[in-house]
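What follows is a single structure, written as structure tokens, with notes after it.
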Amino acid sequence: MASGGKNALQLLRQIVQHGTHSPGFEECLRKIRVLSGGNGSCVCELTLTEEHQNRGGTLHGGLTATLVDAVSTWALLTTDRGQPGVSVDLSVSYMKAVKVGEDIIIDAKTLRQGKTLSFLTVDITNKNGALLAQGKHTKFVGRL
Amino acid sequence: MASGGKNALQLLRQIVQHGTHSPGFEECLRKIRVLSGGNGSCVCELTLTEEHQNRGGTLHGGLTATLVDAVSTWALLTTDRGQPGVSVDLSVSYMKAVKVGEDIIIDAKTLRQGKTLSFLTVDITNKNGALLAQGKHTKFVGRL
Amino acid sequence: MASGGKNALQLLRQIVQHGTHSPGFEECLRKIRVLSGGNGSCVCELTLTEEHQNRGGTLHGGLTATLVDAVSTWALLTTDRGQPGVSVDLSVSYMKAVKVGEDIIIDAKTLRQGKTLSFLTVDITNKNGALLAQGKHTKFVGRL
Amino acid sequence: MASGGKNALQLLRQIVQHGTHSPGFEECLRKIRVLSGGNGSCVCELTLTEEHQNRGGTLHGGLTATLVDAVSTWALLTTDRGQPGVSVDLSVSYMKAVKVGEDIIIDAKTLRQGKTLSFLTVDITNKNGALLAQGKHTKFVGRL
């Protein structure tokens, strides 16, 4: 199953690469790196640069929310159902600012995958493991 | 007071123009138009184009959250305190998709401005007045 | 239609009366009064007494959340679909404390009623109209 | 430090016992049992009975929110600051219903304790470890 895990990660990386290099809003995540993924989880890394900043030179709260949205959706793609779903509710708690120049880790996992609704949680930390933000994402995965 | 209102709107437009044309994440909002503002509220308009879309050709949920974050912060700037504050909690409910090519209205208002915390709400509608998303934003405005 | 409206309100009052006087958690709301309701909205009044208080002698935050949950569900019952649904996400922002002895108004309305999901918002105010708390409630109303 | 830990747990149990047996809304939690606590966390157990139910004979969503509110506040009391704070934002995601007769575990921990704001998360599970609900609680702990 190790090779299956490796193939799953390769596939996930291709999906992320394609999604963040196609015309659209996720181009703002084109420098993101997928560290691991599978079984409903996805862990990414991003080095913060000027294009990610707010007026104060720290990670913009809208980008934080975008990371919660996107990385949790990639996590959802690695479940058996393998569909991205449609956003229902998303929330973010902002705990600590992080400056341009730093690396952040975005760690998303599926809390529950139901027949029609999926619930995901996302931790955003710095390289020392300090929690910067935590997000939640509820997605509709049933038939519309 | 009509001229006072007009000057406040001019100032708000300059702030938004400057903020969305300086290096940083809010450049993704550089085409936004401020329709009105003052007394803790701010109403903007955005014509959705390819750069705002998700894979399905509709408004990306991360951009929806970014609009909630940014326009509510501009609304907060028009209160007497006039400070942007720091994000504490932000949430978005996604009610209806909207396609590229359409115009959306982002209407933010301050629900309560306390000594240390401010609470804002944001309605995002299409030109027919249908509610597409509703967001809430709690900001810390006290001394850190 | 005035008599239709009146009958709808009578029916809603009977449902609330029965629900808050049957064995279960909603007995904590047995003193609530339905002021109006219909077309996806429901407005109630509650006089705060000792049984509603926290250690500080003000409305307990858990009861605030219970009011958001229950009154929005009653609002949902007045839509054409007329079903209570199942909770998906609920959030409350606490803006101002309110003391035992005061009357509060709980005003719930349906923001959007979709085929499978309904979105509701609830304002809790004091008799002077000051906003004490605002809640949101997303319910699943499709077939499980 | 084992005896210190034991004393901290004893103190927490006394606080919970007193709080849930004094006149007020938390009397609805008078049967809750504190399993462990300390260093910003608190784990409780509750056997669901008729008084906790909704119309469907399962845990009422308002009580779920009350558990998130109360148990996270008890968790906060075990931090060095030791103050309960004031609720700012609370949210709950409802993942799975649970019937009267079952035992549930409520596990609260402090994610971040800042100078003015604290962030807590709460998992509610059944005895098999299945996640029933997850809540978040942001509290103001600074000087008002």
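The letters A, B, C and D name the chains in turn, as written, and every chain counts its residues from 1.
By definition in this document, contacts are C-beta pairs under 8 Å (C-beta built on N, C-alpha and C of every residue); 3 or more make two chains touch, one makes a residue touch a chain.
Fair warning: this is a prediction, and the values are worked out from it, not measured in the lab.
Chemist: State the superposition rotation angle between the two copies chain B and chain C, fitting on C-alpha atoms only and giving a multiple of 5 degrees from 0 to 180.
Modeler: That rotation is 180 degrees, given to the nearest 5.
Chemist: Return the chain pair with more inter-chain C-beta contacts, choosing between A-D and A-B.
Modeler: Top pair by contacting C-beta pairs is A-B.
Chemist: Any idea how many Å lie between the Cα centroids of chain A and chain D?
Modeler: Distance between chain centres, rounded to whole Å: 29 Å.
Chemist: Rounded to the nearest whole Å, what is the centre-to-centre distance of chain A and chain B, using the mean of the C-alpha atoms as each centre?
Modeler: 23
Chemist: Two or more other chains in contact with one residue: find those residues in chain A.
Modeler: In chain A, 88-89, 91, 93, 138 touch at least two other chains.
Chemist: Line, ring, star, complete or other: which one describes how these chains touch?
Modeler: Basically all the chains touch each other, so complete.
Chemist: Within their complex, state which residues of chain D touch chain B.
Modeler: Residue positions touching the partner: 88-89, 91, 115-117, 138, 140, 142, 144.
Chemist: What residues of chain B sit close enough to touch chain C in their complex?
Modeler: Interface residues on chain B, with respect to chain C: 89, 91, 93, 95-96, 111-112, 114, 119, 121, 131, 134, 136, 138.
Chemist: Which residues of chain C touch chain D in their complex?
Modeler: Answer in residue numbers: 19, 22-28, 50-55, 60-63, 65-67, 69-70, 84, 86-94, 97.
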